[in-house]
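Every chain is named by a letter (A, B and C) in the order it is written, and numbering of its residues begins at 1.
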Amino acid sequence: MCSLVSINDISRAEILSIINDALERKKGKKTEQFPGVLASLFYESSTRTRESTECAAHRLGMHVIGFSGIEGTSVQKGEPLADTLRMYRGFGANIIALRHPLEGAARYAADILNIPVINCGDGSNLHPTQTLLDLMTITEKRGSVDGLRIALVGDLKYGRTVHSLVAGLKMFSNITLWLVAPDSLKMPAHFIEHFPGTIYHAHDIAEVDVDILYMTRIQRERFPQGPDGELEFDKVSRIYQLTPSVLEGKNVGVMHPLPRYKHRIEISLAVDSLHNAWYIDQAENGVFLREALLSSMMLNKISRRKKEFIPGAWKELSVKNYPKEAQETIYRIDNGTLIDHIHAGKGKEVLSVLQIDAAAKFVYASNISSKVYERKDVVGFPDRELTEMELSKVALVEPDATINIIRDKQVYKKGKVVLPSIIDGLVICQNPRCITYKTHNEFAPQKFHVVSHDPLLLACYYCEVPVEREKIKLE
Amino acid sequence: MCSLVSINDISRAEILSIINDALERKKGKKTEQFPGVLASLFYESSTRTRESTECAAHRLGMHVIGFSGIEGTSVQKGEPLADTLRMYRGFGANIIALRHPLEGAARYAADILNIPVINCGDGSNLHPTQTLLDLMTITEKRGSVDGLRIALVGDLKYGRTVHSLVAGLKMFSNITLWLVAPDSLKMPAHFIEHFPGTIYHAHDIAEVDVDILYMTRIQRERFPQGPDGELEFDKVSRIYQLTPSVLEGKNVGVMHPLPRYKHRIEISLAVDSLHNAWYIDQAENGVFLREALLSSMMLNKISRRKKEFIPGAWKELSVKNYPKEAQETIYRIDNGTLIDHIHAGKGKEVLSVLQIDAAAKFVYASNISSKVYERKDVVGFPDRELTEMELSKVALVEPDATINIIRDKQVYKKGKVVLPSIIDGLVICQNPRCITYKTHNEFAPQKFHVVSHDPLLLACYYCEVPVEREKIKLE
Amino acid sequence: MCSLVSINDISRAEILSIINDALERKKGKKTEQFPGVLASLFYESSTRTRESTECAAHRLGMHVIGFSGIEGTSVQKGEPLADTLRMYRGFGANIIALRHPLEGAARYAADILNIPVINCGDGSNLHPTQTLLDLMTITEKRGSVDGLRIALVGDLKYGRTVHSLVAGLKMFSNITLWLVAPDSLKMPAHFIEHFPGTIYHAHDIAEVDVDILYMTRIQRERFPQGPDGELEFDKVSRIYQLTPSVLEGKNVGVMHPLPRYKHRIEISLAVDSLHNAWYIDQAENGVFLREALLSSMMLNKISRRKKEFIPGAWKELSVKNYPKEAQETIYRIDNGTLIDHIHAGKGKEVLSVLQIDAAAKFVYASNISSKVYERKDVVGFPDRELTEMELSKVALVEPDATINIIRDKQVYKKGKVVLPSIIDGLVICQNPRCITYKTHNEFAPQKFHVVSHDPLLLACYYCEVPVEREKIKLE
């Protein structure tokens, strides 16, 4: 059984299978019943997502337990998320639908439970079922997602809906993406990295020529307080307001995750009666899509695309230059570890990361001449061979270092340390909204992916916030 | 399929049929099951109405979705009512039960949806299911409603329960109604207009001789703040407090929509054990009544008594006096519209309502002598025949005006404009608690009934607040 | 059909029967369905108790109605508890599960309804289903409760869970109880009175040698505000914190009613994976235990252990010394009541409790010599025989008084008044959190048990708070 935390957890084939199943359900073709229990745990307000998920469960004959908002729950008494989740599993839950204010909460839930978790939104991070129903609506209206021209309009900086949709669209071919946003609300670069289609940027709906306009709500909170912010917000929200005149004669579908904001409506109600108003069907598709998803989970049909774990490696180098003649003797070691080819001045960091105590034996040669760099640092630990964990730490601060394990004055092993694909309990996530952040007291362990080795880029396993080598903070 | 927004929406026969069905259900005779969905949308708090409606749905095998209070719903995010309603219809709702703080909200909901809406209270406006269960309780206890003497006691000014009950009682014959209230909380006159039975007014329960005492709660908020208001409230709430001694030896039934207010109890708990305490049964009848209502709706057995639409008319007058001899030439028109018999001084209003722009051609003769009135105004539009909408506007400000359509110096058509029974998008409702009121941003259109033509009285189609001709405000 | 308000309401045999039934349900052996309705009325927040009770009802095929928190209910409008309860019974409830902030609320509910009430916590008073599931967990893990050594740890002063557990454990034999608490949070003496096993006191977990550690949460609110209270709280909560090291090598089960408090966790999450962590199973047992309880109630299998009512009595004394020779004539009465053997000075209280009005005839002899005491008071009422209620009042203030009923100068009857086992409407409960306390306006009558006659100790029938003779307050 498998969870849906990110749209990246499932394959294109699984997405298409769920969408097709949902479209059949919409036509009234499916009637299977599952006598199971859905725990619907919404730590934050949501009507659309929650009601459609619970409705879908009821249509499948499932019983629904849980809460909507933490008012009057044990959460308010300071119960750890893990305990609340286990309690609901204890109440017989077969599936958990979770919305939580902390980023990575759903991934953490999926990790500690042996039942599937549906991420219904974790902070401003992910919202995969919205993406599935968006893709379902596009498929329903145009037969296929491939090859379409799609404009994402409005708040592309904070909107998890559009971030998740971009991730989903990466699995389809030949997409032309228009990103239409004011400068202050542009989509962060890492969301569109490796996007396989074409990307254009614009400031105004008028500039784009597309098949689909995907509108979002622009929130007042995103702009500075005070009259200047008010003015800016006013200007921006007027630009991204859709009226029938914009659509006249155009065969463009309008989508919106809803709700609209009635006091400054993004899509005028006059659009509702036009054939362009896909958001009406889009909203109704939520129930069918989630019904298909729940059914797949009850039938164990989803298999998570697990990120393959690649253990840390040792890149062997040939031993040829040891013992060197005329080698500066300051770092001569008979037994132990010699870390060579540290960039000049970085030796201190290597020592620091290894938390060498005052009484420990070590040698530290700084700014000595090198064949590889002009000047280098070398650190040695007589009579001590570093552990794998210690070597990982070295690799995090100085990936270019060469490690020599010396036994009886001979280099027994020489090479460079390659980090494993997942780093457990070493690097600290600095995102204050992450489930692992200390002050939340949620007891989720520190865990990172290695996104790329060169240049080194890590991402928190839970909140998925990336961190570059320079900004890594170790425990 | 039809909604129940006001007790006036259904006929006496339908009321009796629902009551009889409900009484049978109370005896345990009915067991049909409807695999439908009730969306129970309570924008305001209510335990009794909401729980009994949902209970009734469950007894019928229906599934219930919705919310109680807007905390944590998309409503709080500023979603328009229309979108929320359509969302729940999208979730498969067969019937919507709606309580909303804005007056006319339920009528608006019934208008935009193609599924039945039950009005469970819209602001201080209507509450028809309470009236049905009140009538059911009376029928249960006395066999029939006709011919009874009923006292309504307490807050008759703001209490929607008693307003709705009076409307219901209008359908029964030979009712004697006692209105027992302090001067500051008397029933507004328009509720008892056209009441077919006898009406008496009183200040004290002791003065009345009735079959039924219908008690209501008097709320502190209805009196001025400060010690004077407190004193007045104290006095009044003591007068309208029922104890066993008042009932001694009397065959009078006591009703109350409940809840009672424990800190200043309207009916002492000692009354509970007396045979007079009908409110115990009354409260229990809520479930059976609403079960009968839901069943009727699921079976399409209710047909709304639609107010017949009478289109605007042209009251033809015979053309005899045109072209007149010795007619003052200032308003001689060869082709176009001549509006005659405007009360002296009202011509300006006619021009204003037609929003004549600066460059438009018109003649305006003021205070000229008239055969009909002493002095009159006449307004003419050379080369322009007014549209039907424009003529309606004229009729709103000057119903006595005579319209002459002139072609080639001949009066082609002459007459008076009669307003249609429903006026769309012309008159603005000035009730700030109406669903159409602009600042609520609910996008409900402006719409009025013509209650009477002479003197002209309109009422908002949604909130039902009446407006006289002098107070009409045009868009 | 019978309620479960206190663990003392059911017998050891019934407890064992429910536990065995619950353990069978956990193994999946039971599948009966009851088409009934549970009204789940939680006036205060609770996730664990409420969800597991509702879950249990659903597993039995019951429909659940009610509320969680009073936000948006008629309770907020000031509805008396009695009305709310009757409303839900009117909605078809077969069983009521009640959590209420006032002590005695569940007992009051059970008294006025003819359907079973489950007390899910009334103020800081009782919580019998938690005790049942605690005993179930112990039985599951150790086969039996008898003979075990159990430490209760933490807040033993305010924690209703541990108070209720102690009452439950009184029904088992050979229990060794360790009470581990800081001085400021020690268990009040009356909870452990008549405990049939052995009791030890300790300040630290390290001191105890037990089979079970029953942990509780220590709340910041229990300590004074300001830095001193903070310091004390800090110290105490550190002492009562459980980590794996404490448990190393010990075959001790750890229990906790949950939730834990994540910001100052009582049991470290590292304990979760140890075999000692019984609280994991304990939490899961809630559903099965409550399922067994609901089933018993639906099947009428629980019969409440009613406190036997012993009516007030007359302890007859032989008449031998009347009329006495040389008796001081001041209190000579020909017909009426003479109250003799009042402790010197207490005569005024006797007169006061009888509320003798100014015009009443009485004699009052104070500080006269006595054979029984050194000096005594005597009070006489010529031509008036006291009623049973009046005699009860006398017995409450002066249980040693001798009553003489005199007719025609002869002692017709002589004796001492023995109070009935239940006193109705005479003594006022002074616990401000009691359901009977006047300012709550809940209309529950005053009612007391006689816990012991000598020395006189009463306890409120509802909140169970004891009151000694000196502190009795009469209506």
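What we mean here is this: contacts are C-beta pairs under 8 Å (C-beta built on N, C-alpha and C of every residue); 3 or more make two chains touch, one makes a residue touch a chain.
All figures in this text were calculated on a predicted structure; none of them were measured in a lab.
Enquirer: Please give the intersection of the contact partners of chain A with those of chain C.
Expert: B
Enquirer: Please state whether the interface between chain B and chain C is built from the same residues or different ones, using more than half shared residue numbers as the mark of same.
Expert: different
Enquirer: Distance between chain B and chain C based on Cα centroids, please, to the nearest Å.
Expert: Each chain's C-alpha centroid was found; their separation is 54 Å.
Enquirer: Enumerate the residues of chain B that touch no fewer than two other chains.
Expert: Within chain B, the residues that touch at least two other chains are 71.
Enquirer: Quick one: in the complex, what on chain C touches chain A?
Expert: Residues 42, 44-48, 51-52, 54-55, 58-59, 68-69, 71, 258-263, 265, 269, 280, 283-284, 286-287 of chain C touch chain A in their complex.
Enquirer: For chain C, which residues count as touching chain B in their complex?
Expert: 63, 65, 67, 71-80, 82-84, 86-88, 90-92, 441-443
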